[in-house]
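Read through the structures below before going on.
Next come two complexes, and both contain subunit A; in the first it sits with subunit B, in the second with subunit C.
Our next item is the complex of A and B:
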């Protein structure tokens, strides 16, 4: 992934920065330029809660090249306390310990190694609490 | 708005067509369709292709295909909407004919997926690259998360998912164009290699090469070319959030629901009036969600409905008589048009062993990504 494309997303991937519509209060992660609820265009920057729960999940056993060394790994849709959902790996667990509804915390982790040069790419992963 | 008919169809066999290039297969399907329709000239062309750039490093395929089909000079447009590219191309062709802009329009779809590209990587480009794919999800993984939520919420069983594949392979076994012309069993599906829990390899449609083309013309000219024109009663598309996690309910394919509702409205009929349908079973769970969200069965009851045999060839509403994406194959850009060809053959009464008795009205539903785009067409034999 070219570096501008990587660093553009750093506020979201490292710090869970989202934006909240000033008109209707809806929170967007990643931030958007227009609210799809009320079409408002004024937002305040917020940081998502790192506490959440599992909405649904899977165990990836066949992965694209940059994740191939990590299989099997769990990927889930997590809903944070602010009712925002994101797709994330669930780390440090046995696949059989993951269940819908279980509480998780989002932590900062290495996500993948880029292409041939193996540059480390970081972001959020969930861990069971 | 003029009424529009399909007057000719042509497709390649789907499968690993290693001896043929992307242009070979498109031209093969195109020539068959032109021959089937008996038209002399083509006014305009649309080509659906998801990502010929990633699969064979060739873009600009609208011009290449017109060139190699021997009709360069005409306007040709490539349409991309992930796996719904073919269906959406048909909608563009429909718009061109219904508007009166042109009379004879060729609409095709093509994908060459076995030329060595990393298919998992290429297909993932239909998801949200920065917020889904970056974190390690794959397409089977996205549908696996839908399946898990559906099972948890509605009690859909592992066996019911498997039964979708069993039925589609049974249908595909009698389709000479299908990639896998063989039956499978519940155990064969459940015990296959796990890809993304709870989905095994046998819940997933394959990686395929293939092309499919149809010829459109105004309905009032159609009898000049064929005794059995098939009228397009509705052509509707819709979109939804690109990322699965951004949808309020991951078990509902909203774009399918919206495109279905507008199509039934445009056609002036209801789901109960459909005699046969091809839906986008890229994964077994996708067929269950599609039949629910199109209104053939209540939400959450798709698994049970399948288990009762209501979607089989002799059921209440036969689904995927071609074998579906699962058994016929899924060359992504071609799929939407191949679905249409199966319905045209059914309505013409040419489906052989797969023929649904007295089929008069048929539906196709073609979707992109994890459901962020969907196209529904409804057809009636004239």
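Our next item is the complex of A and C:
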């Protein structure tokens, strides 16, 4: 993950900031500039609920190198209370603990390090509640 | 009235038992448990550090304070394990909590008392009316060298406190600090693990400063130990705070709610603040609480708090320390622990 992109995405990664269309009410995460429902261009900035549930998930057993020490780990599609779906790792659990429909909370975690001397990248992960 | 308007804690889910560490190094587990009064300690997940712990504790403090984060004028984080050597932890924490950009940020360091340093400065800033609200956090993911006595205690967690003048939960009655140059424990720039001077850490360091600060604040306020409902002392192990409390004239019952070290370990900058947070979880209106931290190097900060009737309104708005310590624990064996704490040398 290159640093400039990480920095640009801080509002959504750290604070779950999303855009809500002022015309039709659809919520976009990550935020968009034009509403795909009604072509509206006026948005209200909102923060997504940190409560949600697991829609579906997969278990990663062969991971990219920077996540290799964490295998096996779970990546899930989570739907928040605002009915927004996002893809995230499920932390602090064994793969066998995860089930579709289980309730989760989004928490603030370190996602990765840009090598031993680069920046630390933070963001959201889900934990089972 | 200036005091705490919201408080909150966070403790990682992972644990390692004292006997698991003792077994690894061929030590007698019962002797360790009896000697240090430690059962287990918290261990941060691979994706947790002082910044993530501070954010979660800060969220819990905001739930109780019920204020607009944008009105917080200072974020001070005390830790001896800030993830960056240069770049304040507070920048990430304030961004994650929605406090930026109009905010003064600084990280504090003073071994185990960096958390109460942050509290002291936040309190002073609010009292001086420089800021409306201030957020002070003590958090750590402390490390002890493998096989060192510190390995049984060095743990992870933290607590956050929001200071203000309205809707106060615990008023600050008095503060007092006691500091000298005492080389009991240190870590040089670039060294991975800290070093300590063994026996030297007891009498001339911990007890001298904790008791000095305790006596000092009792004298300054004219209060006696039995005026207090509770007292919290820094917890490098189970025994030291009990001994310090006894020497100052406090009973085990007064220390009990904040004496979280047998299950938590020594969370360094988060130690006495989290003991204090656990005490607020059970305190009632009008009760006095004494908090005395200790940081090697060495010094102690002491505070006298008076709990208000608002405690009953905020208590249940966030998770309590007892729940954090007793629910959803995941136990690690020594191998998993060594991997989690990056004690194993990996190929790049």
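Going forward, the second predicted complex is superposed on the first by the 123 of 129 C-alpha atoms of A that agree within 3 Å, B and C clash if a C-alpha of one lies under 4 Å from a C-alpha of the other, contacts with A are read in each partner's own complex, and residues count from 1 in each chain.
What we mean here is this: a residue touches a chain if its C-beta (ideal position, glycine included) is under 8 Å from a C-beta of that chain, and two chains touch if they have at least 3 such contacts.
Computed from a predicted structure; not experimentally measured.
Engineer: Given the alignment on subunit A, is it a clash or a fit between subunit B and subunit C?
Structural biologist: When both complexes are placed onto subunit A, subunit B and subunit C end up side by side without any clash.
Engineer: Classify the contacts of A:122 with the two partner chains as first (subunit B alone), second (subunit C alone), both, or neither.
Structural biologist: second
Engineer: Looking at the overlay, does A:55 come into contact with subunit B only (first), subunit C only (second), both, or neither?
Structural biologist: In the superposition, A:55 touches subunit B alone.
Engineer: Of the partners subunit B and subunit C, which touch A:10 in the superposed model: first, second, both, neither?
Structural biologist: Touch status of A:10: second partner only.
Engineer: Quick check on the superposed pair: does A:34 touch subunit B, subunit C, both, or neither? Answer first, second, both or neither.
Structural biologist: In the superposed model, A:34 contacts neither subunit B nor subunit C.
Engineer: With both complexes overlaid on chain A, does A:95 touch subunit B (first), subunit C (second), both or neither?
Structural biologist: First partner only.
Engineer: I'd like to know which partner A:70 touches here: subunit B for first, subunit C for second, both or neither.
Structural biologist: Both partners.
Engineer: Quick check on the superposed pair: does A:111 touch subunit B, subunit C, both, or neither? Answer first, second, both or neither.
Structural biologist: In the superposition, A:111 touches subunit B and subunit C alike.
Engineer: With the two structures laid over each other on chain A, which partner does A:24 touch: subunit B (first), subunit C (second), both, or neither?
Structural biologist: neither
Engineer: Given the superposition on chain A, what is the angle at the CA centre of subunit A with arms to the CA centres of subunit B and subunit C, as a multiple of 10 degrees?
Structural biologist: 150
Engineer: Does the superposition put A:42 against subunit B (first), subunit C (second), both, or neither?
Structural biologist: Neither: A:42 stays clear of subunit B and subunit C.
Engineer: Which value, in Å, gives the least CA distance between subunit B and subunit C in the superposed three-chain arrangement?
Structural biologist: In this superposition, no C-alpha atom of subunit B lies closer than 12 Å to one of subunit C.
Engineer: Which positions of subunit A sit in both the subunit B and the subunit C interface?
Structural biologist: In the superposed arrangement, which is not itself an observed complex, subunit A uses residues 70, 111, 125 for both subunit B and subunit C.
Engineer: In the complex formed with subunit A, which residues of subunit C make contact?
Structural biologist: Where subunit C meets subunit A, its residues are 12-14, 45-49, 51-52, 55-56, 59, 83-84, 92, 95-96, 98, 330, 339, 346, 348.
Engineer: Touching subunit A in the complex: which residues of subunit B?
Structural biologist: The touching residues are 118, 120-121, 124, 130-138, 140-141, 144-146, 148-149, 152, 193-199, 243-246, 250.
Engineer: Can you list the subunit A residues touching subunit C in their complex?
Structural biologist: 10, 14-15, 47, 69-70, 91-92, 107-111, 116, 120, 122, 125
Engineer: Spell out the part of subunit A that touches subunit B in their complex, as residue ranges.
Structural biologist: 9, 12-13, 30, 55-65, 67, 70, 73, 75-77, 85-89, 95, 100, 111-112, 121, 123, 125
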